[in-house]
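There are two complexes below, and they share chain A, which is joined by chain B in the first and by chain C in the second.
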Partner chain A sequence: MWWQGQRTVDLVSELLDRQIEDDDGRGVGKVDDLELVRRADGRWEVTELLLGGRALAGRLGGRVGRLVGWLTRRLHGSDQPRGIPLSRVTAIGPAVRVPAEVADAVRSPSERWLRERVISRVPGAGRARE
Partner chain B sequence: MRASEVLDRPVVDPEGRRVGRIVEVRATPEQSPGTQVIMVVDGFVIARGHLRLLDYQRYHEHGPALLRWLVKRLHRWSRFAPHDTLTLPDGPGPARLGVAWTELPYLLDVAWPD
Partner chain C sequence: MKKWLGLTLGVLSAVGGFVDIGDIVENGLVGARYGMSLTWVIVLGVIGIATYAHMSGRIVAVSGRPVYDLVRERLGAKAALANLVGSLLITLLTLAAEIGGVALVIELATGVDHLVWVLLVGVGLWLVVWRVRFQTMEQTLGFAGLAVAVFVVAVFCLDPDWGTLGSQVVRVTPPEGEPLPTYLYHAIALFGSAMTPYEVFFFSSGGVEEKWSRADLAVVKMNSFVGFPLGGLLGLGIAAATAAVLLPAGVQVDNISQVLLPVALSLGGVGLVIGLFGFAATTVGAALETGLSAGYAVAQFFGWEWGKRVRPAGAARFHLAVALSLLAGALVVQTGVDPVALTEYSLVFSAVALPLTYLPVLIVANDTDYLGEHVNGRISNTLGLLTLVVVVLAAAAAIPLMIATGAGA
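After this line comes the complex of A and B, so read on.
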C-alpha cells in the first residue's frame, strides 16, 4: 500500500483500471478515469477517481465509447460518471480501498438493484457476511 | 480535465513542431501539516508514437535482462516533461512545451517510481 507512503506514482499505469473495494473487500467497480484540476499555482491535482460506464465511454472514445455511453444512459439513466474524492481513499495497493459508506454511495445502480431485489431474497443471504 | 483527455494528447515544441504524445502522468502524494493527503502532478512522459508504459518501466533497472533491454530500447527516445515545462490547453489541441525538446531529460535518466 503506497497511498500514505509518499512515493511517486505513474497514474495511468498504476491507478487506471485498478479494482475499487470497500473495507470488507467487496468490489465496487474499477477506476475508469481520473479528474484533474488545475490549482491556482498552475499545477494539476488529482481530485477524484471516476468509475462507471460514462467515465469509461469518455476514455474509450470513438464508436465504442459512444456505444458504451448510450448503453450506460439506457441502463442507469444518468449522464454523469460516479466519483470518489481522493481524500476518501484509505489505501492503494492491489486494490483501491474506500470506506463502506463511500462504496455504498457509488456502487453501480444495477448492482444495488440486484442486491436489494434478488440477492437479499435468496435464503441465507443475510448470513453472507457472517 | 480528465486523465483520458491528457493521455495520447499530441505535444508540440515552442516552434509548433510535433515531438510526440503524452503517454503517462507522474504524480506524488503530498501532505501539508494539518491537511489531507493530496496527489499533485510532477510531470508528463512524452513518447514518440503511441507507446504506453504499461508498468513495464519498473523493469528498466531490475528484472530479466531481456525485459530490461526491451524497456530501454522502447523508451530510449522518451522524455520527461516537468509540470512547469508543459502547458495543457483547456480544450482540444496539442500540449505545448515551453522549452526545447532536447532540454527535457530522457525518461530513463530521471528517477523512477519504486
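After this line comes the complex of A and C, so read on.
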C-alpha cells in the first residue's frame, strides 16, 4: 500500500486542515474532518474528506463545537457535513485539488445564499478588478 | 527594464505601506520623550518584520499558501480558532485606530471635528475595497505614503545638534529621570508598531492577489529587505524630528498635530501640507490593509474563496467579512474614544499576539514539503529564532508593564 509515494501517512499533518481547491485554484473549503470506514480485514480506510461547519463542529467538540454547529444549522439549514470521496481527489500537496464538477457539488450553501440574495445585488459585484 | 520597474514599484509601495498610525504616534511620542534612545528597537523590529515577511512571501511564491492557511494547518482547528479570534480582535482594534487616524487628519485639514467624518471614511474605504484593483490600490497609496519622508527632509533642514542625537542613538537606556519600566513599555509598543501581525497577513495574501510564483522570488526579497528597512527609516525620521524639536521644548505628544509641529516649524505651510498628505495616505492605506486582512484571516481559516482578484460575487462571504470589519472599526471610533489612545492599546495587544502569528510561519518556512529547495537557510533561521525570542519576551512583558506603568504614563 503506497500513497503519494509514502508507505505511512500522518493524516493529521498531511491531510487534515488543508485547503481544498478546484482546478482553477478557487477555494472550496478546508479538510475539516475525515470519514473513516472499517474494512472487512479490520483495517481503517479513509473514504471521504468532510468539509463545512458541521464537520468542523464535530471535530472541535465541547462548547465551541456546539456553537459552531448551531451557527452552521442556522445559516445552512442542513445537518449533513459535505463530503468529497477520496477517489475524486486529483492531487495532494500544500493544497488538495479536486475537479471542478466535484467542487461545484460541495460548494457552501451559505456562500451561494449570500451571493444570490445580497452581494450580487450591490452594483459592481459581477465585475472582476484584477 | 519592465522587470526593474515592477521591482521598484513594489519596493516603494512597501516603503509607504510600512508606515501607519501606530508608527506615526509611537515614533512621534518616543522621539519627544526619549529622543533617539529607542532606535535599537526600531532596528530590531525592522529586522524582524523583514525576516518574517520574506519567509511568508517565499512560502506564497513557492506553495501558494498565505499565512492563515499555515496557521490552520500547523496548529490544527482548535488552536487555530483561538488564534483567529485573538488576531481578529487585534486587527479590528488596529483598523479602528487607522480609521480614527484618517478622521483626525481630515479634522486637522478642515477644522471640523473628526467624529463627523468617521462613517464617511468607512464608506469610502469600502468603496475602494469593492471597486479598485488591488495593484492600483497598493501602488497609489504606497507612493503617496512616501510623502512622510518630509520628516527626514525637515530634520536635515532643522540641522539639529547631530552630536546630541547621535549620543542618544547609542545610549540604549532611558534618559535620566525616566523610569525603566515606562521606557520598556514604550519599547514594546514601538516594537509592536514595526511588527504588527496584519503586516504579514497582508503581505502574504497580497502575494496571492498578485499571483506571485517562483519567478517573483527576487521581488519578494527586495520588498522585504529594501522596502521594510526604508519604511523603518521613515519612522526613524518622525522620531528624529520630534526628538530635535519637542524634546528640548519639553512637549509630550498626545495628539497627531504635535507630531507635525517639527515639520511646520522647519518647512512652513508647504511642509505641513505634505506631512498631512503623507499621514492621510498612510492611514488610508493601512485602514484598507487591516480591513482586508481581517477578511483574509477569516476566509483563510474557513477555506472560503477570497480576494480582490476575483469578482465580489465570487467571494461573497469574504466581502461580507471585510464590510462588517470596516463597519465595526468605524463604530468603535464613533463612540468618541480617543484614536491616539486606541492606537497605543492596539500596539501593546499586537505585541501580545505576535508569537501566535510568527511561530507557524517559521515552522513552515523549514518544511521541504512546502518549499523544496527554498526552505530557510542558516541566516533566515538565526534571524527568525532571535526575533522569536524577542517577540516572546515582549509578549510576556507587555500586559504586566502596561498595568505597572499605567499604560506608559
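Quick note on the criterion: the second predicted complex is superposed on the first by the 106 of 130 C-alpha atoms of A that agree within 3 Å, B and C clash if a C-alpha of one lies under 4 Å from a C-alpha of the other, contacts with A are read in each partner's own complex, and residues count from 1 in each chain.
Keep in mind that, in the parts below, a residue touches a chain if its C-beta (ideal position, glycine included) is under 8 Å from a C-beta of that chain, and two chains touch if they have at least 3 such contacts.
All figures in this text were calculated on a predicted structure; none of them were measured in a lab.
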Which of chain B and chain C A:R59 touches, first, second, both or neither: both
A:G124 touches, of chain B and chain C: first, second, both or neither? second
Chain B versus chain C as contact partner of A:R43, first or second or both or neither: first
Contacts of A:S108 with chain B and chain C, given as first, second, both or neither: second
Which superposed partner A:G29 touches (first chain B, second chain C, both, neither): second
Chain B versus chain C as contact partner of A:L16, first or second or both or neither: both
First, second, both or neither for A:L51, with chain B first and chain C second: second
Doubly contacted residues of chain A, that is, touched by chain B and again by chain C: 12, 16, 59
Footprint of chain C on chain A - complex, ascending: 12, 16-20, 25-30, 32, 51, 56, 59-60, 64, 93-95, 108, 110-111, 114-115, 118-120, 122, 124-130
Of chain C, residues touching chain A in the complex: 63-65, 69, 72-73, 76-78, 80-81, 130-134, 299-306, 308-314, 316-317, 319-320, 369-370
Residue numbers on chain A that touch chain B, as the complex places them: 2-14, 16, 33-38, 42-46, 50, 55, 58-59, 61, 86-87
Of chain B, residues touching chain A in the complex: 1-7, 23-31, 36-42, 45, 52-55, 57, 83-84, 88, 111-114
